[in-house]
Each structure stands twice: as structure tokens, then as C-alpha cells.
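When the chains are written out, they are named A, B, C, D, E and F in that same order, and each has its own residue count from 1.
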């Protein structure tokens, strides 16, 4: 396709809308953190619901991070930030880890990694 | 459930995580606006994709706004802001309207209504 | 948009298929009610499943009601029925409330509110 | 599981809520029929949207019919109505066929087959 | 539609891509089987997650099998294999049954039925 | 959970079911390739549907690859295969690229990259 003739494989976006925002991942992760903070005080059935809702939110965290990694990040970004792949890998793995726990330290660690992603993201603007 | 004993019908949240953010609607609407700005320059097949992607994003805009209206807004908010229902109704209707058009004035009108929602939302904090 | 020049903002439907039916919400709510009626007799794992399935069905109830409110209801309806917004708000809030409980009185209250929506809906035909 | 000890394989429902309704399939199919009736008068972009929306609705038609076939229909139903499998097979195939066409005769044929399903369904009550 | 003029109702595929594969159902069912094998050793919250994840995977199993039954299977297949409908019915019913249990014998029975589907599928190539 | 005590952040799976299979990505990509091979011969409306179906299938390709990258790949894999991150990045980017084209060379390139992923995957068994 002509439009991408200079870097045909590394198109920067599935459709060139130009809108990416790590806040999408952060908001979902904050919701998980909020759930974890209240988890011990929930009744039995709300605990089941909390675990289920966390699972969905964390899947969204993973999705939003994967999209930035695959669709927004370009070869020049990876060149400039050699551990970029590893940052996204650790962040999405931590989202998976947070599914297995209701510990606020796990959701906090996830928020910290998303903050690192945001910092990098802002540096590319 | 004790927590809701005073106003059992108007529970403020489906699970008390306390995280709501009109930015979720705004980010999706900005993506639609970005698509509209580039629409005329797209090739035929990307136009089809643009219409399809807009449809999905605008459905998300509606969903995020509905959630704030139904789950976050409480009776005291409605008392304090009598046209609150109408604001959300016009905003979600405008999201539907924006599905039918690739005109930036339609996506801009949507962004303006989401900004009104955000302003109200901030005022409740 | 010219096409809707008589009622430009308040197009009555995202695509003019003309098909809306509160029965979609009612059927999902009846399923939740049926689950609540059998809940106490379920074994442990089916209780977890019941809570999860209720959550999904009630999300569908909310969705179907929101669609009627945003897409079907027109300004003349709101003028004729001033508490229309409030009816939909209470009905969708009750769907959220029913997620937090396996009490048949909560699912019955939801069915009653959907019946009110249906009655209004029929009156507009 | 005791509850299903007599016919362990042919459990009549994934969770015993007891609520099934062919109207769910019918409402989606009517929406497709409504779209087909208006299709020729739509502008270019709404035609794309119509094809996309039809696709989703018809997938829902298939899903709702499959659920009744697999979850509601019991061995005694199949014994009593030997061509029951074939009826559901033709109905779901017709839903697939209706994706490929915007001809009202295709959506009408689908509605007719769903009416046959409904008639059988009512006969089992 | 001309393209399907010889067998207008029994189009073999919703879009003629020609790709079907019972391995999609098998992989999801193996995941359920793997969960069942480890179920007793999981902690309480991972048990809830296991039940929820099983539910989703088994819904995918049903979907993949239904697609092969409705979209791939053609009238000549049914003529050649008179119990084809029944095989798919038992297989999808067993997927529903496996939602209600964490017993490896239930997931094994499902895998066996999917193996029968695969055997038939291969025989049609 | 004992299993993760040595490398708590790098859990190898969101739930220890142990089932991963690059064939899930391959089957979806083959479907896209099949569509591209027939694309020029489709009528206008089936072309729209083809573009829409390709979009969904390619999103599934991305998802299945991301899951293997984030959930299955472990630190020892990355150590042993230093360009592993880059392989998954190029493969998921190519899936995005294939959304923008109906050229069989784009879907073939995607299939080739998935074959590389499979080869690596098999080497870890």
C-alpha cells in the first residue's frame, strides 16, 4: 500500500486516527486497586463478583497496553528505548499476576508499571 | 445489605470500587473525531473500516456515559442539577447521531457534550 | 445532517430499522428471577456460576433499557411523560442493585419497573 | 450431580433458570427485516452500516436459536418431533444466508422458520 | 443470489473463506480439561476464577461446534451421516454439562465427542 | 501460590491450565488469507462484509499472539531467544497491517510470522 511505502511493515496504527492514551489502562487498573482496598470488607457474594470484575478489568488493562505496544510504538521508539519491549511485557504480565491476588501490593505494582508506560508515552510526544 | 439500607434502590455503584472517569468516553470520542478529520483522504476500503470502527467506538462512548449516569449519579446529584438526565440523554443521542455521519461538526458536538458531563462530574468531587 | 433536517439532533434510531422491544430486557430479567428462585438449592459451584450469570444478564437488562431510552425515546415522549428519564434511571439502577443480591424481591422489583417501561412503550404506539 | 442423575448427559439447561424464549431470535430477525425494507433508500455510508449491523443481528439470531436447540430441547422433544434437528439447522443456515443478502425475501424466510421454531416451542409447554 | 443458485438455502459458509477447523473447539476443551485436573489443588479464589474461565471456554467450545454444524455441514454430509445432527447435539450438550462440573470425566467425555466430530470432519475432506 | 514463589512477577499463565497453542492464531490468519484469495470475485456487499470479517479475525490473531507472548513466554525463553519480543511485535504489527489490505502477500507474510512463532513454541516443549 502506497500510504505506508516508507515503512510498510511498521504502520503506526490500524487506522490512522492518532489517538492513544495509557489512561485507558490506568483507569481500569485503578478500579482493580479500589476493589482490592475494599475486598476484605465485602460479603461472600460480592467477593465472588469482585474476583470476576477484577478479571475483566485486568483483561482490559492487558488489551490497552498491548494496543499501545503493537500499534503505537514504532521502530524509532524501540531504538531510542531498548527495554521498551520488556517494560510492556512486565506490565502485561503484572496485570495477569494481579488476577491471581486481591493484594493491594499487586495492583499497586501494576499501577507503577503503567505509570512507567505513561512516562515513556509522554516522552514521545 | 447495610451499606444501602437508607436508599436501597439508589446504590451508587454496582461494586463499590469508587472509580468513574468521563475520560473513558472522551478518549473514544476523540478517536472518532480523529477518524472524521482524516476520512476524506482515506482509500475506499479504509473508509469502510473507518465507518465500522467509528460505530464501535461510539457504542463505547454511549456505554461509558450510561454507566456514569446510572451507576455514579446519585439522587442528590439529580436534585442539585435538574437537567442532569437531559444532559446525558443529549450526549448519548449525539453519540448515536455521530454514527450516521463522518462530519467533524458531529464529533465536535459530541466532544462538547462530554466536556459538559466532565465539568459536572468534577463539580461533584 | 440534512437527512434528519426536521429533527436534526434527535434522530429516533441509530439506523432506521424501527424495531425496539422492552421484551428483550424482560426476558433477561426473568432469567435472573428464575435463578434467584432456585439459588438457595444450588450447590456451591453452581452458586458461583449463578452470581456470574446474573451479572451478565443484568448487564444486558441495563443495555436493552439504555437503548430504548437513548435511541427510541424522542423529545415528544419526554414532553408527554415528564418522569420518563427518572423511570429509566430507576429501572437501570435497580438492575445494578439486583447484581448485589440473590433476593427474589430485588428481581421482582426490577420486573415491575420493566413492566412500567413496557406500559409506557405500548402507549407510544 | 444428583439433579441430573437420570439423564446425566442431557441436562436441559446450563443453569436451571428455566427461561427460554424464541422471541429473542425473532426480535433480532425483525430488525434485520426492517433494515432490508429500508436498504435501497439509505445513503452509501448507511448501507455499509446496515450490512454490518445485519451481520451482528444475524449472529445473535443464530446464537439464540442454537441455545434453544442445545440447552432447551430434550431427548423426549427429539423423539416426539423427529425433524427438530433439521428445523434448527435450516433456521440457523437461513440466518447465515440472510447475511449475504439485503433481500426482504431472505429475511422473511428467516422469520418464517423462527415462527416454526416458536410454534414447536409453544407446543412443549 | 446467483452464486448459490444450485443450493440457495444451504450455502456452505457465511463468507466463502473455506476455513473450518474442529481444533478450535478441541483447544478450548483441553484448557477446560487442564483446569479440571488442577482444580482440587487451587486456592479458594482461584477456584472461583477456574469456574468462571471454564464457563467462558465451554461457551467457546459450543460456539465453534455450532459454527461447523450450521456453516460447514452441507446436505450431502447429513445424507451420508444420518446421525450427524445428533453428534453435534450431544457434543454441545456435553459442553453445557461440563460447565456444571469440575470432574475430569466430564471434560474427557467432551474431548471424546469433539474427537468424533474431528474424525467426521476429516472424512469429508 | 508455590509455583510462583521463585519469580513472582513472571507467572507463566493467568490460571495454570497449561494449554497454549499458536494454531489458534494460525487458523484465524488462514481464514483471512482465504478471504483475500477470493476478494476480487466477491460482489460489492460481500466485499464490505469481507473487510469487516477480516478486521475481526485479525483482532483475534493479535489477541492469540499477545496471550502467548505475555502469558506463556517466560524469562528463560527470552534469555534463550533474545529477539523473541521483536518476533511477537512484528507478527502482531503485521496482523494490524493485514487489516489495511486485501493483498494475499500481506496475509501470507502474517502466516509466515505465525509459523516462526510456532517453530519457537515447539522448540520450548
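Note that contacts are C-beta pairs under 8 Å (C-beta built on N, C-alpha and C of every residue); 3 or more make two chains touch, one makes a residue touch a chain.
Since we're looking at a predicted model, the values are computed, not measured.
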Any chain touching subunit A and subunit E at once appears in the list C, F
Counting residue numbers used by both copies over all numbers at the interface, does the subunit B-subunit C contact come out same (over half shared) or different (under half)? same
Taking each chain's centre as the mean of its CA atoms, subunit C sits from subunit E at a distance in Å of 32
Whole-Å distance, C-alpha centre of subunit A to that of subunit B, is 22
Overlap residues in subunit A, where contacts from two or more other chains coincide: 15, 46, 48-49, 52, 99-100
Where do chains touch, given as pairs? A-B, A-C, A-E, A-F, B-C, B-D, B-F, C-D, C-E, D-E, D-F, E-F
So, in the complex, the side of subunit E touching subunit C is made of residues 48, 51-52, 55, 99-100, 102
Could you list, by residue number, the parts of subunit F that touch subunit E in their complex? 1, 15-19, 21, 23-24, 27, 30-32, 34-35, 38, 43, 46, 49-50, 53
Per the touch rule, the subunit E residues reaching subunit D in their complex are 1, 4, 8-11, 13-15, 62-63, 66, 69-71, 73, 78, 85-86, 89-90, 92-94, 96-97, 99-101, 109
Contact footprint of subunit A on subunit E as seen in their complex: 45-46, 48-49, 52
